[in-house]
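Right after this note come the structures.
First subunit A sits with subunit B, and in the next complex the same chain sits with subunit C.
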Partner chain A sequence: MSVYKKIATCTVALGALCAAQIAVAQDAPPVVTVVKVTGENWFTRMEEGVVAYGKDNTGVSTSQIGPAKADAAQQLRLIEDLVAKNVSAIAVVPMDPSALEGVFKRAMNRGIKIVTHEADSLKNTQVDIEAFDNKVFGARFNEKLAECMGKSGKWTSFVGSLGSLTHVQWADGGAENAKKYPEMELVSEKNESFNDANKAYEKAREILRKYPDIKGFQGGSAIDVIGIGRAVEEAGLVGKVCVVGLGLPKDTAKYLESGAVQSISFWDPKDAGYVMNKVAQLVIEGKEITDGMDLGVPGYNKVSVKQGPGEGIIVVGEAWVDVDKSNYSQYPF
Partner chain B sequence: MKSVFADRQFNFLVATNVLVVALAVVFAGDTFLSLYNFQSMSAQVPELALLALGVMLAMIAGNGGIDLSGIALANLAGVGSYLLMRDWVSVDEVPLAFSWLFALIALLIGLAGGMLNGALIAFAGLTPIIATLGTQLFFTGLAVAFTNGSAITLGYIEPLDNFGNTPVLGLPMCFTLFVAIAVLIGVVLRYTPFGFKLYLMGSNAKAARYAGIPQRRILLLTYTVCGVLASVAGIIIAARTSSVKWDYGSSYVLIAILIVVMAGVRPDGGYGRTVCVVLSATALQMLSSLFNFLDISNFFRDCAWGLLLIVFLATSRVDLRAFISPRR
Partner chain C sequence: MANAAATVAGMRDVPAAIRIMRWFIRHPPAVTFLLVVILCIVVGTINPGFWQVSNLFDMARSTVVRGLFALGVLVVLASGGLDVSFTAIAALVMYVITMLVTNYAPDLSIWPILGIAAASGAILGICNGLLVHALQAPSLIVTIGTQYAIRGFLLTFIGTALFMNIPESMDAFGKLALLRYEGANGAVATLPAYFLVLVVAASVTWYILNRTLIGRALYAVGGNAGIASRLGYNLRTVHVFVFAYAGLLAGIAGIMHVSSNRLANPFDLAGSELDVIAAVILGGARITGGSGTVLGTLLGVLLITLVNNVLILVGIPSTLQLAIIGLFILAAGAMFSIRPKS
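Up next is the complex of A and B:
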């Protein structure tokens, strides 16, 4: 008896689940954006861009999905199912680019277009989109820091981990730029925060103890400035120590207000989502993306195009956004 | 009596599989039924199902048996094997030998890791959940330390890539391997003295001790097999992603347990069928892919997993009561 009962219950439950989610029939070629994880502010903001592009352009139907947990395995499975489903194009923000090489290759063999973001090491992609040149981005941090520090004094840099390529590039770009100012001295560079605000906080406290006269911090991972800001606040050094770095307006608001963090920079994921889908449509239509092209979004008005490590190209924009105390509230993420 | 119950579970799981396919036909249409999709899904199953088989063995052994270290050991096997090999054997010159050697060393790492678990549980007398939680952190820590936390790309190694992705006679090779392993485990559990003793020990440890069953040796052996299964999963992961990383599949621990519980393996030990675990894994895989086909949010999927688990546990609870009551 109970087998039937079980089956019946499951049928009802599953049937209800599926029926509730039945999508409206879509004729336009589907472009699916796959992000690292669903529910994070960053990717929720990206979804706005993805949806906006679908609304503005009837030529494609856009949607965004992502695993419930930031796990490369889950992302791979999602993409494999999309390949089996035979969608027109997949736009991906890879959790771990190297884990996706195989599935991208198989996807392209089936004629599915692949567009990626933040993965300039990927071989099997048609177009990789970078918001900006990472060295230049790092140099900009340093320029801000130099200005705030009066171009002299000790400073240090943070990275999420030494394995995070972009973070290391920002730190190196900053160090490179600081050579212009002989008075600035880089001490114990590239501290690892492991993307954890508490670790960043403890590391910053250590550094403040070790170098009481330190004047500047450059954050790498988006939460570094939060941890550093807290350490600076607690040490009563607000206004005496400069903190700049990657950060998100909402998360960093408290420290921007208190003055512990001077300015943060980021790129708007909404624009990145929009541009990924725009590029996906261009690729579907067989159009070429050329150097200096205008992709119709601020920061991507004049993109530079270079050859990637594989067959594909890398499209680089200048899509950084700098905010400080005065204007952070314009960005709701 | 036991066999009736077993068949019921089996029937239920077969019906669930059929049900999912039927739902897929109704809601997702032809693309879901395409050969490509079935190949894609069957290539996705093995890594998780192998871990689930390990958990099943640990659970059958009783004494609160469980193996939480599976995916950590799988990743360590991949990471360790590649790092040991890459200076010795050139990938470009002898790709086939490289692949076999890679698999061999990974298996040895799995063997060692499994023996460590077994020794902690059988000889040091630690509770399995604590012991394997500890080794999970240990294995993960080793893999992080070896790689500095970043992924290592293996590059395109043809034999390995074929193993992970290319269908032979319509089936991906890793799936064929998985089926072979499952059959082997099923046969061993059912027809060998080892399997008999394992079930006996799981259902009544005290009686088993008085019956002179070498508990320590069996525990050691069981967890060693878990370790080897994990390393096979690690090889498959490396083959399918062409890379090794310490935190790949960090969500697998719980999903593997879900598969095992859905398969009706008794968490207190003494009962569990391999074929049920396989069917449970395939049902979950097809359901998961179906959800992706229907653009169902992944949070929703987690919710669905939970729902399934509760529905299942609840109905099996009722089942159990009928089982105990003088219905016969």
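Up next is the complex of A and C:
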């Protein structure tokens, strides 16, 4: 008997939960942003942009969701739920773009608009938004490094993993740019940190041992600079070795302050969230996004538009932000 | 001992090569040691930069966390079980304690922190042990379950954000140097004091395994649980003890990880379980239980750490590194498979 009671209670609870979710749906066409993982500083900042867009524009109602764990399967399930609910548009920062091709195709067949971010290899999307051209971004890292190293000496690059497409593009973009400076020598490139600061640290130590005269490091994953910075600091080489790379102001603050890391770059997820929703609304209203268009956010004032690998287009901004010791505190994430 | 005498007698009429092989077969840690020596010589020949004090220090530093995990796995493995939940326990303990200490007791010194971590790790381990005993299920399955449960709990209810501002005492502990060495280019290498934690843990584990009743009991249970229980060994006590001990070491390892890394990242450590288990197996412990030594395990850890930390020195491009590590583990594993099945 008690088993039936339990099942009954669960059913009621589940029903209430579903009802509550349906009740949230409002009159304005809902645009839902799905991020890689919820709770991370990066995506918390993105949510600010998503919410801000909803406040500024009454034409759509915006919200952001994401799995508790950075897991492609869980993200897929969330998107399937949204398709079932028949929302107007879904804006996604995919964990694994290829895993979402199927569900995006189904969604578009049902008339749901799809906007993506950081997924320029996706075929089934209407608009993919890139904060910048990854090759150009990599070249910018290298430019900063060259300036710091005096355009000569050995340097190396790090990537989160060799499977992280953007990281590899940054490393390649840096290497390409370094060819301008014949005195700069790239050694032992694309070291994998596996997104673990300790691994980045250990690899950096090993590189410092193999190349005692190394002058520069270019980080790939956002925590690479933390691990490399620690290695440089512990080796007593602050000021003798340059470290630049992707990084988040709050996480890297210690090493920017100590001088172990010279400068970090990133793109502001708040702006990306805002632009994703803006583009989603444009698509819902059937408006076209054209080359050189102004999306109303700094860095996206003059976007370039190109054809994606599928039917959709890729919108590329110039939305990088470089910070160093002097101005990192302006970005609270 | 009569057995050993017979073997010696039998050895007289076999060639020296076979005799040496038999000796190695009887002393698995010696094989590991030989592999370590060969690897050092090969790497040292390719790049003389290998023979540096700073390299030695870095190696010692990298073995600490993996070594603590491996000692826990050794104890569980010796008793015939297998634990894969230790990284999740370490991640939960390190993240929760760092957060609580920072928010509520930022001035707490390192010793109570280590004590609390050890105790919380042990409690989680006890849950593992009780589950394994109560469910009568293979401990691998049970600990896969608890690993997921613990990690899910951590990421869902505690937090997913990187934690940079660790308590002062932990930071200082991570920076505390036992020895300091200045290299030619002004680069400084230090042997961290927390290396001693591994030394102490290894000594304690050795003592437990070789000088106490529970040590005897867990080898007996690992050899054959049925016979051990008929001999009067309490299986429940053994199960709970080994998992509690593994949990305790995992808790300490978590704090070591945070102190040395100067940040607490809840996503860290996940996925290093197999590395650790491989180290213990390469150290001569049998995956089926009933054997394994502390010395062998430490050598196994050293071997895995070496392989992981010399590939850049040798100049292998990063695209090839994982494949090389895999091949090396395969080759080392093959050397052990020559051992007779007893």
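Here, the second predicted complex is superposed on the first by the 309 of 333 C-alpha atoms of A that agree within 3 Å, B and C clash if a C-alpha of one lies under 4 Å from a C-alpha of the other, contacts with A are read in each partner's own complex, and residues count from 1 in each chain.
The definition used in the following text is that a contact is a pair of C-beta atoms (placed from the backbone, for glycine too) under 8 Å apart; a residue touches a chain by one contact, two chains touch by 3 or more.
Note that the structure is predicted; figures quoted are calculated from it, not measured.
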| field | subunit C versus subunit B, contacts on subunit A by residue | value | B
| message | Looking at A:284 after the superposition, I want to know if it touches subunit B, subunit C, both of them or none. Which is it: first, second, both, neither? | response | neither
| Touching A:85 in the superposition: subunit B (first), subunit C (second), both, neither? | first
| request: Give one of first, second, both or neither to describe whether A:68 is in contact with subunit B, with subunit C, with both, or with none. | output: both
| message | Is A:106 touching anything from subunit B or subunit C once the two structures are fitted on A? First, second, both or neither. | response | first
| task | Kindly classify A:197 by the partners it touches after superposition: subunit B alone (first), subunit C alone (second), both, or neither? | result | second
| request: Considering only the touch criterion stated at the top, classify A:162 as touching first (subunit B), second (subunit C), both, or neither. | output: both
| task | Using the superposition on chain A described above, determine whether A:213 touches subunit B (first), subunit C (second), both, or neither. | result | second
| message | Per the contact definition in the header, classify A:39: touching subunit B only (first), subunit C only (second), both, or neither. | response | both
| So, A:76: does it touch subunit B (first), subunit C (second), both, or neither? | first
| task | Please write out, lowest number first, the residues of subunit A touched by both subunit B and subunit C across the two complexes. | result | 38-39, 68-69, 162
| message | For the complex, give me every residue of subunit A touching subunit C. | response | 37-41, 68-70, 162, 188-192, 195-198, 201-203, 205-210, 212-213, 223, 226, 230, 234-237, 240, 250-251, 253-254
| note | Note: in the complex, subunit C contacts subunit A through residues 47, 49, 52, 54-55, 58, 62, 152, 155-156, 159-162, 164, 183-190, 257, 260-263, 265, 267-268, 308-310, 312-313, 315, 317-319, 321
| query | What residues of subunit B sit close enough to touch subunit A in their complex? | reply | 8, 11-12, 15-16, 19-20, 23, 26-27, 31-32, 34, 36-37, 40-41, 43-44, 47, 147-153, 156, 161, 164-165, 237, 240-243, 245, 247-252, 287-290, 292-302, 304, 307-308, 311-312, 315-316, 318-319, 322
| For subunit A, which residues are in contact with subunit B within the complex? | 1-3, 5-7, 9-11, 13-15, 17-19, 21-23, 38-39, 63, 65-69, 71-74, 76-78, 80-86, 96-102, 106, 110, 161-164, 194
